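One structure coming up, written as structure tokens, with questions to follow.
For clarity, chains are labelled A, B, C and D in written order, and residue numbers in each chain start from 1.
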Amino acid sequence: MISFESDYIAGAHPKILQRLAETNRECLPGYGSDEYCECARQKILTACRCPDGDVFFLVGGTQTNAVVITAMLREYEGVIAAHTGHVSVHEAGAIECTGHKVLEIPQKDGKIVPAALTRYLHDFYGDENHEHMVFPGMVYLSHPTEYGTLYTKKELEEISAVCAAYHIPLYLDGARLGYGLVSRASDMTIADIARLCDVFYIGGTKVGALCGEAVVFPRHNMPAHFLTTAKRHGALLAKGRLLGIQFDTLFTDDLYWDISRHAISMAEGLKEIFRKKGCRFYLESPTNQQFIILENERMRELEAEVRFGFWEKYDADHTTVRFATSWSTTEEDLEKLERLL
Amino acid sequence: MISFESDYIAGAHPKILQRLAETNRECLPGYGSDEYCECARQKILTACRCPDGDVFFLVGGTQTNAVVITAMLREYEGVIAAHTGHVSVHEAGAIECTGHKVLEIPQKDGKIVPAALTRYLHDFYGDENHEHMVFPGMVYLSHPTEYGTLYTKKELEEISAVCAAYHIPLYLDGARLGYGLVSRASDMTIADIARLCDVFYIGGTKVGALCGEAVVFPRHNMPAHFLTTAKRHGALLAKGRLLGIQFDTLFTDDLYWDISRHAISMAEGLKEIFRKKGCRFYLESPTNQQFIILENERMRELEAEVRFGFWEKYDADHTTVRFATSWSTTEEDLEKLERLL
Amino acid sequence: MISFESDYIAGAHPKILQRLAETNRECLPGYGSDEYCECARQKILTACRCPDGDVFFLVGGTQTNAVVITAMLREYEGVIAAHTGHVSVHEAGAIECTGHKVLEIPQKDGKIVPAALTRYLHDFYGDENHEHMVFPGMVYLSHPTEYGTLYTKKELEEISAVCAAYHIPLYLDGARLGYGLVSRASDMTIADIARLCDVFYIGGTKVGALCGEAVVFPRHNMPAHFLTTAKRHGALLAKGRLLGIQFDTLFTDDLYWDISRHAISMAEGLKEIFRKKGCRFYLESPTNQQFIILENERMRELEAEVRFGFWEKYDADHTTVRFATSWSTTEEDLEKLERLL
Amino acid sequence: MISFESDYIAGAHPKILQRLAETNRECLPGYGSDEYCECARQKILTACRCPDGDVFFLVGGTQTNAVVITAMLREYEGVIAAHTGHVSVHEAGAIECTGHKVLEIPQKDGKIVPAALTRYLHDFYGDENHEHMVFPGMVYLSHPTEYGTLYTKKELEEISAVCAAYHIPLYLDGARLGYGLVSRASDMTIADIARLCDVFYIGGTKVGALCGEAVVFPRHNMPAHFLTTAKRHGALLAKGRLLGIQFDTLFTDDLYWDISRHAISMAEGLKEIFRKKGCRFYLESPTNQQFIILENERMRELEAEVRFGFWEKYDADHTTVRFATSWSTTEEDLEKLERLL
């Protein structure tokens, strides 16, 4: 059985496990105040070219979205997201759980269209009754999106400019940020992200770590007492070293980018195989998640030999499925898949 | 520098790291549905002698308290806790963050006194205006307590009976449960805990794991869709294997109890050293946390060589400090400490 | 200046003020335990033909929606509503403020389409990942809707049946219930509403009261300790008599229906005037709110003499405006309007 | 039967009802934007000698406390209150419902002792672990307190200074403010309150209104979009006129103070009667609530003829009861009581 089910099916990149073992007996203070956390923060800020920024480590993606969003919104504000955004659909109401509405706007290929965002904000403030509505207090986007698609630098600049014009922060969910930035389709660096966003996170869980996400506030704009806010949401790890050591390793010798490049290379191989076999793609994704439309019968045959993700029904006879690659995907996995198709 | 600062200063017990490494390349489904989680659940239920129970793995202690308490309380209920309970003081308002009040009652040595609990509940329902007050919907206690003290079986039976009489669940925070159960002062087994409580958690973070707590619902009484509730609170780990593999290892070949016994043995050595040196104890703790009253000057001298926890000012000239042992404490640590005192 | 701005522009029906004055010096217990509240409850239950039901008085519509919805949803559930539902758009996030998501589904003329509801629920439970999503735990609809439109008995029966099939309660927001039930287009009685819904409220604020809404739980299904839940949400009035006396008056000698009939009669006159003048209607509303499409210039002229509600831009040259009638609308108001048009 | 059960047993002062009737047919805009609200705001600000302040009308006391506190606290903050404070005990967890902890400190006669407040704040910031605790973000006090007692100007100045030193707002719950300010024991004016507090409310419900509380932000420091926050908490009245007209009437021709003086005069008569009859007082209250210790047998006899409030058991044979006066208390009520005792 080979698996392309998701990018979190395997453990951590071996270098991470090795570092955890090497440092295991060291006595370190808790809650992120250890030297590995500090070192990881510095390396991340250097990579992002925002030396005065803040970095805070959290455990998982939904948690990160909830804690960041609630810490940055005011009481009467909600967060704008694409209708297909992870916070809109697949987080079991974690944002609403903090008391804030997700203000859904239409999407295209999983992305917010800058013009639609402008229209939303313009209409909101144009509405006489807007004091009876949820104020838009932040824009949330994921990059890559839930569909594996990417914003262009131009699109992100436009969205960033709209946010600046309306004085609301732009938050980028980078659960799979590495895959986005090393993709051939990318015209951005992580420094561009840091420049254009007010807060974003660099995903660890889906890019080779056991767990962990690094939230970056590029302009020393971390909300006051963010640690307390994190604690209050059950998001503060006692052995903070677990996150610090992992991110320190990921941002040493380009490991984060190497892992990302490997997964993208595997994804390109995967695409090539599906293309050769004449499979249809649900959309063109330049990152590590590929959405394929399979005949239901063929899907069921394949399921006996390969694990992949169910996405949604396409029509009565077809299903959209998701294949994902990660640090653990191998050439042999691809070869086996090719033979099976 | 030696450290007795807390029981979460080192990494994981080496056997845990070893198992994480051995299983690292296995492709496993996410969110706790993998075979290691399942296996760990079975071992825990066997240890607790409640084969029909439910087990759910969460990441940290504050998170566990918040998720369990909110999942089990009704809208208009709060949770009773000792004035010194962890949920009352040291969780940054994580319970209130879920909308529920912590109803503090007086404590003795960190413990709820059964008679005080009975009086509270009796007075509440005797008050004509109780519909304008927060209904007591659960009793929370920690075992060992924040002061390292232990409930006797008789005390826990009494509290359990009061809860049953008032039809409210009893929840035991076992962040350091292992240390409590292997202590010479303990007259309870984990099966007693499972029999007397409606829900409790077996702490991993402070008993040798990198992170992780195992919540046990002994009578198949896990609230419906608890996974969704956990997700909603940002508490659901994508790579659930990280928790499953750790707890599977802890509950294989008695590792959890061996770790606990080692720490207790070290704590007994520590007490003996302080006793010989004529130090005063703040209270008699039979577990892995020891509270010592030091002259301020001596404390400052000691700080140059040893890390320990500040607890609180005792008087103008003395401070209460905390020394904790764990899986990583060694005989050499004790010998060095003895030489320093 | 005449005003058709809303149905809450005037004070209370004079009979209500008169009863408040007559009873003013009586010493009555607080919080809804007085005899007028009790009497009003009985009259309402009799009108609804559900003698075993419960009635609870709250102050306003948004408050009622928030308190009822949070009291009836479980932690992990959200409420389904039409995209145009009041709780979706115009309550400033009051539902999310209680931690619950509003699950918006498409609408037609402001109404939930039964087939769309069925599809939503079917798809939700058909989705493998639904445990990562917000569970649909209630259906919310308004009758009349925000657009003045009405469900037919057949539609409500269908929606009620879908809710029953999925074991989720059906909640009807009756802020303007009177206008809906006395409309010529209505084929339902209040007893039908009570039979088909699990909870609904009879609006007072917009039907002649100073304030107040009567929540009806037709099958003695008021959540336990609902008074405490209301208090907790700041929704419990100390001088509960203010609500009891008003509803007692409204449900004495058919005052509630007389007020409703008067407003509907005025609305019919209003429609006739607009029709004669050749104005276009945004949609066909059989109740007390009428939505007219005006040329912008004409709208601005009219604003000098008449107050009405801005609804939304229709196109570059036209605006949709709302005219509402109530107990205080008079024949003279209509005549003046006719002269002005 | 005469009643001293509370100060909200009767309807409104007749002048209020009269004004409601006189203005009843006027067409006014909703949500507090009408001219009566505006006029009432100006009169209140003039009375408070803070012409640049803001005033916002809410419906009831618990609601006001919850909305004001949540609007002014940051995410990670709680509110300090006396252990006996209304928000601590008798609001069913309304503050916790907004996610914030009530940080209870000891009280004397229902009052916060300035030294205890200073100690609390000093200790909090002196605690190394305070980032794991709820930050004190506001001080709440009630004046008169729940026991009818009053802060002296000196005490309030001290508390105000402590708040200023720690940069946290001081909030005064004035549910019965009138009674406090006209009491012979008072050495403060409402302008003193406005000068020393950052926010306070002038109670209407318990001082002659049907409902309504006027929140005053003396230094134009109302939180941004407070109307939206109120709406979100279900606290925004559609017919805002109901509050505006009442407060406009209360602050015309000193009605608010006349009502207060009448009730205080009645309370003094009441005290005199109890004193003459040799009854013991639970404490010395200079306002409209009197706490008397009655033998249980005598209490039961009295209950047949007089309504009063149960407060708490005093000892096995005695009970503390509450007698309250209001605008509706008459000399005849007192005479009857005297005859009955």
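The rule is short, and it goes like this: a contact is a pair of C-beta atoms (placed from the backbone, for glycine too) under 8 Å apart; a residue touches a chain by one contact, two chains touch by 3 or more.
Quantities reported herein were computed from a predicted structural model and do not represent experimental measurements.
Visitor: Could you pull out the chain whose C-alpha mean position is farthest off from that of chain A?
Guide: D
Visitor: Counting C-beta pairs in contact, which chain pair has more, B-C or C-D?
Guide: Spelling it out, more C-beta pairs touch across C-D than across the other pair.
Visitor: What whole-Å value do you get for the distance between chain A and chain C if each is reduced to the mean of its CA atoms?
Guide: Going by mean C-alpha positions, chain A sits 42 Å from chain C.
Visitor: Could you work out how far the Cα centre of chain B sits from that of chain C, in whole Å?
Guide: 49
Visitor: What whole-number Å value describes the gap between the mean CA coordinates of chain C and chain D?
Guide: Using C-alpha averages as centres, the distance is 33 Å.
Visitor: Could you list the positions in chain A whose residues touch two or more of the other chains?
Guide: 76, 91-93, 97, 99, 131-133, 228-229, 231-232
Visitor: In their shared complex, at which residues does chain A touch chain C?
Guide: Interface residues on the chain A side: 76, 78, 89-93, 96-102, 104, 127-129, 131-134, 310, 312.
Visitor: If we count contacts the way the header does, which residues on chain C are in touch with chain D in the complex?
Guide: Residues in contact with chain D: 1-3, 5-6, 8-12, 14, 17, 20-21, 23-30, 59-67, 91-94, 97, 205-206, 210-211, 228-229, 231-239, 241-242, 307, 328.
Visitor: Which bits of chain D are touching chain A when the two form their complex?
Guide: Going through chain D, the ones touching chain A are 70-71, 74-76, 99, 131-133, 135, 223-225, 227-229, 231-232.
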